[in-house]
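These are the structures in question, set out in turn.
Each of the next two complexes has subunit A plus one other chain: subunit B in the first, subunit C in the second.
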Partner chain A sequence: MEINGENGAILLECRGVSKSYAGPLVLDKVDFSIRKGEVHSLVGENGAGKSTLIKVITGVTNRDSGEIVFDGTPIPIEHSRKASQDLGIAVIYQELSLIPGMTVAQNIFLTKEPLLGHTRLIDVRKMNKMAQALIDKYQFPLKAAEPIDRISIAQRQLVEILKALSSNASLMIMDEPTSSLTKTEVEMLFSIIHTLKAEGISVLYISHRMEEVYALSDRVTVLRDGKLVSVLEKEQISPAEIIRLMIGHKLEETALHHHLVSKNGKVVLDVEGLTSVGKFADITFQLHEGEVLGIGGLVGSGRTELVRALYGIDSFDAGLVKYLGRPFVPSVRRSIELGIGFIPEERRLQGILATQSITRNIGIANLDKLAPIGVVNGKTERQYSEKGIRLLNVKPPNPEHLAGNLSGGNQQKVVLAKWLVRDLKLIFIDEPTVGIDIGAKEEIYEHIKKLAGQGVSVILVSSDLPELTRLSDRVLVLRKGKIFHEFKECVLTGEMILRVASGIVEEAYEN
Partner chain B sequence: MSSHAVRRIILLGLMVVIVIMITLVNPVFLSTGNIMKLFQEASQTGIVAVGFTLVMITGGIDMSIGAVIAVTSMVCVNFLSYTHLPVWVFVPISLLVGVLTGLFNGWFITRFRLPEFIVTLASKSILTGTALVIAVKDSMGFVQNVYIQNEAYLWFGGQSFGLVYRATFAFLILGVATQLFMKMTRSGTNIFASGANPQAASLSGINTSKTVIGVYMFSGLCASIAAVFISSRMMTAMHELGIGSEMDVIAAVVLGGTSFSGGFGDIWGTMLGAFFMALIKNVILKMGISPWVQPIVIGGIIVITVIVDVSQKKLADKLATKAKLRKLTAESGQAAA
Partner chain C sequence: MKIKSLSTDIRLLLVLLPLMAALALLSPRFLTLDNLTNVVWSVCLIGILASGAIYPRITGGIDLSLGSMAALTGIIVDMFMNRFGMHWMIAILLTIAIGALIGLFNGFIVAKIKVPAFVVTMAAKTYLYGVGLVVSQGAMLAILKPKPFIAIGTGRFLGLPIPIYIMFVLASTSQFILKKTAFGRKVMAVGANEVAAKLSGVDPDRIRLASYTISGVTSAIGGVVLASLTQQVFAAAASGIELEVMTALVIGGTSPVGGRGSVVGAIIGAIMVAFIINGLNLLNIPAPFHPIVTGVVIIVALLLNEGYLSPKKGSLGSAR
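Right after this comes the complex of A and B.
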């Protein structure tokens, strides 16, 4: 068998795998295979079906139909995480899957600890020796007896890899393994992946960073909207080609013709050198009256953290914020008082009170008006609610309807309504249309545009590229916590954002 | 040195200071009799606290332990009053009260994913009522305080060598054995893992439900064991014996450094915590302060300990962030130069 996996034996084979979560197909008859000892990358935009495919393979969720064969063993539809692990499929998580408070050795050998003779006592000495031997074999910068809490995230990943190796994994799945690693750590991970490959272990690599995919992969599978688009062999792989395949025709249809026009009104928000260690660094920009400023970037690039800090939910470590020309120390309370709104990323978790009526949901953000002395004025609350429902066309238009029973789109409208019934000057909107149907999406877009037309400034964070290009007057692209590029007064496509965000273009787009 | 070790030394130091001060005020404190009684007090709380520590390590809480003590001693008293069974037969049977309560708690918590606090609070209520129902009554139907005269049963409350209470021996043996079990066996490791990161634990092949059920059964067993020592020592048993004592136990465990959020803790700390609590109570007594103050002091100790825990963590985070920031500015400074 050839080491590089070319024409090598098949380790994992998926045929016609489909999956839907109550509604549209997330995976649509996907064929997918991994050869023994190859590094195989899986790429696609957010929502393309990558994570669902991984979940199906690892037994986290069950597929609806299709066949999966792993190393000659057919995997039944009723599959479990444990069963897939026993077969030799390991997932290298970034964190959280190790036990804090335990040592490196304890984590590697959890449930497989060597015992003292015929007793049931753990032979700690032997366990540490075995762990150290494993560490030395791969020359990892680890110490067997070191507690997990004291080592870096990169080192924790290595512990995960050792844990998988000690249980004879033949497939290692790495999902965005480099998103919190430094450059040297990434290089180390790459050399480890090469070692694994040389041992005949297959690696399924998932990353948004095209240069990594390009550097590592023997083959690349591209998914789009739950369908298999293409499988690229080593010689066919190029970052530009992958991105073209990932985005497909969508860019021609929707995103190509949006021309960014700068609005140079009064400066509403002036941010200088904003830094929060480990989240974002040195963020400087100005936001004008009635401007929609898009913030793009990969998940984990610091987008959400930035708007949370600006709104006053989380604190930051350095930098200056001016709001309407005056120095401003963000705090949620002050933000609300000064006419700043916030629509959070997780609608169900952070946006609505599911067990409360629409009226209560809208009222809760307006208690300063509704209950100036502490007692809620029910009549005014109701008026606010009716106004919000009318304004946003919430269905059903029943103020007593429980927010949790509304559709996703209508829930988001309620979240928006909370703020629209007030006098806003600035609003932060984070991923407004995730999991929302097309009709409601368009309505929400109309409202965002209308807000901007009324002079409200909007900061829009989104992974949905057409959404970002369509709505924004200007787009900042974040990468690893820093503003990597600013798009203004140019024709912008989703592809351009993605190229910059995933780092295959350094400074190619001059305005 | 870890912040954990520092805490423990501070606690020990505090105990030494308290001992010196109380001895200066009331020299009777250092008499052998009083010291032995103090150890015995610590042991009664401590035996329960050993089981409770394991529950807290899994991230749970067991509010039923006080009521387990009540029911166990009621069962013992019933055996003593109405049967002639030997002690070695009925005491093990009585210990089943705790084991079965633990099974009930653990099963409901894991099977239906109910909050530990609610389930164990419900069993506390059930057991509190049960203790009253099964209590020995006189001919008029009034609850009777039974005076225990069975020599064999009273052995548990006695002293060995006329000095050390048997409860203290039991506590030391139980504590050391449990500590070794936690550190040296796979089952012990599984308990830590289930508390620190349940998801990772089950992915590693640990049956976390079984682990949790086992831990609650052990906690109940410990409470039942304590019940035998307490009722024997008091030579009587009332239906409300032990009810409310969970606060002492929580205070001992928390003082010992076991984390409320699970995954961290050890028995050494709990043993130290139990001695500290006994010392405080003894001091209150020896200073001639009303024993009614005790619950106030215990509540205060719990709050203060938790505050110290949380602020210690926050402080550590803050220092780490500051160090990072300094490093970053240094780096960018270099880059600029």
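Right after this comes the complex of A and C.
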């Protein structure tokens, strides 16, 4: 299997690495290696174990078992972030880790500033010169003395790369580095990656964007459910093959196949040409009574932004929305009054009031009913809370229990409950089951189906492909802010969604 | 676990009562009606101010301008009555309206321009003090009339000082609003998780505007009571009281990061501090030691209220 090219020497080698966070294995005896001077992509669906593997390698978390050798040095189980940095492993962070008030040079040389003679004072002139020399060497569009908060995200990424170079990193880990870059910036990053490679630096590249993985990689490692699925050599790499491996065939035949059947009831939501500059454009669709409309697409495709605009959280620039046949300018308040609900993607950050009781959490969206003249009717409030707990089987069934002390699944049930106790006509659900256990997941699926059965329309945004195919009557796939494809009345598989979301058209998967 | 499930107010009483018993045993003068009335009287102003200052606190902000505002509104009410010759009732109502406007202005900068409340109200504390100096021409003014106005602070009803009634009415109204009305629920929700509140139909900006306005109103009422009680007004009259109010709030279980709070708790907290100081006085412990005791009490109360000391339970909402 091992093919040694001109850069055949191994830089990083993981053997049988396992990890679990109190429960199932997130990494299950994973073998993984990176050669010197190669661009190696790590791919897998959400939850496949990519992030955990990175964390284990960089010492953010400790593995349970297995060996890791970096450049000949065995890495002990008790690893640390500092130790990995000292070895030459650098991470170019997705959410950048630079200090905004400092200059480019100060950030590059943070904690390793050149000092004046034998003093403890920083030699600012020397530091700026060194930084500028580094910038010039790679011809980056940067100035050493510029403060970080005045440069673009793409430029900041370059500073991160220089910071890594200045500490002699031999492995750079880039996690979704292009998610907030423009097309030209992406091209610049690619040429920089080629320069790094030419210098013998290895790059571990993580991206959901198949075309990038395809364009850049020397090798690709595919993870699925915490296990190594395959390592593809350059000549074996094709976007369609990667997707096939990511999803896996066994699963395909059981859980992922789903027959879509269009429902043609009354039109509940009629969206025409909805556009929000920089987020999504020209979105047109109709949603029928009792229909579950799935919205798929990669992170950053505009899915979340679209439902936020429709619910009235963010404004949009152009387009028409009709709700129940009437023109509708969404605002959260109006939406709620008219029987629309919203489950946000980040349960902890956007969904629950962690320091308050289940009762208060359910009550907050129902104050119009609980306090028609401003004073809360304690009895009605209690009834709503008990109804919500009963409907969704929240555990423990104690209305006074603090929401923050519930399990993830039960928190999500509470978020759902506050809408289910109302007379609902339409609900937007964004990533309903991220980070919750299988049991609660199934219960939430049952509730979504039941809602649709009662005539409530559902717009379901999800990265979880089986979830999307299983629950939806139709699926819209967004790509770069536009409706790229609509699946209706067909046998839908997760693979089909992922292909379309990655922008693969027929001829591309001939490859 | 058992203790955690009791409400903070009751836990505070469970601390306050033994404290009183201990003081009663240590000093025979403690349990006299005069002494008790004096202690409660001394916390009236804090209680009145805390009734409103609790709203910005629960939303996660703070109003540090209330001391300067109380002093300024005292100067203004005196000016209305004794320089402009207004009827005392009209003067008081106008003064309260001015307090509301100043609070609204604070709220506007916090809610709409998104400047941290700490900075906004610290600046307000400074410039309101300046306005007070200008309006009073830097002088300490004595208020000798009208008689009904002086009676607000100094009079008694059924044997108890009138300010105690004012505090009682404001605190119970405030407690009712916080615990029983939709507005109160919204204030708590904004403090607990602004985004979640917003997605549930709460308008956080409006809640903030209202919160600072309420704090302005109670500051003005506090200013009127203070002017009447001391029969004098000057720009530094209530200097530093904002810290005593914040102390009462912390001891009373108002979360330092917002989302939770109780006016009743704050008043018990203020009374507790006052009893401790009173006890120290009765026991002839020199005054320089009193702030040391108060400071320690704040820390201990915070540790207990926020669950820092209960194992495994996360503190300050970071239960993960």
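We take it that the second predicted complex is superposed on the first by the 452 of 511 C-alpha atoms of A that agree within 3 Å, B and C clash if a C-alpha of one lies under 4 Å from a C-alpha of the other, contacts with A are read in each partner's own complex, and residues count from 1 in each chain.
Note that in this section a contact is a pair of C-beta atoms (placed from the backbone, for glycine too) under 8 Å apart; a residue touches a chain by one contact, two chains touch by 3 or more.
Model, not experiment: these values are computed from the prediction.
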Subunit B versus subunit C as contact partner of A:Arg360, first or second or both or neither: second
Which of subunit B and subunit C A:Lys418 touches, first, second, both or neither: second
Subunit B versus subunit C as contact partner of A:Leu320, first or second or both or neither: neither
A:Ala198 touches, of subunit B and subunit C: first, second, both or neither? neither
Subunit B versus subunit C, judged by how many residues of subunit A each one touches: C
Touched partner set for A:Glu113, first subunit B, second subunit C, both or neither: first
Contacts of A:Val491 with subunit B and subunit C, given as first, second, both or neither: neither
Which superposed partner A:Ala145 touches (first subunit B, second subunit C, both, neither): neither
Partner chain in contact with A:Met102 - subunit B first, subunit C second, else both or neither: first
Intersection of the subunit A residues that touch subunit B with those that touch subunit C: none
Complex interface listing, subunit A residues touching subunit B: 81-82, 85, 96-102, 106, 110-111, 113, 115, 120-122, 124, 275, 277-278, 281, 317-318
Touching residues on subunit B, where the partner in the complex is subunit A: 184-186, 189-190, 192-193, 196-197, 199-206, 263-264, 321, 324-325, 328
Residues of subunit C touching subunit A in the complex: 180-186, 188-189, 192-193, 195-203, 255, 259-260, 313-314, 317, 319-320
Complex contacts: residues of subunit A adjacent to subunit C: 311, 313, 332-333, 336, 342, 344, 348-356, 360, 363-365, 367-368, 370-371, 374-376, 378, 402, 404-405, 418
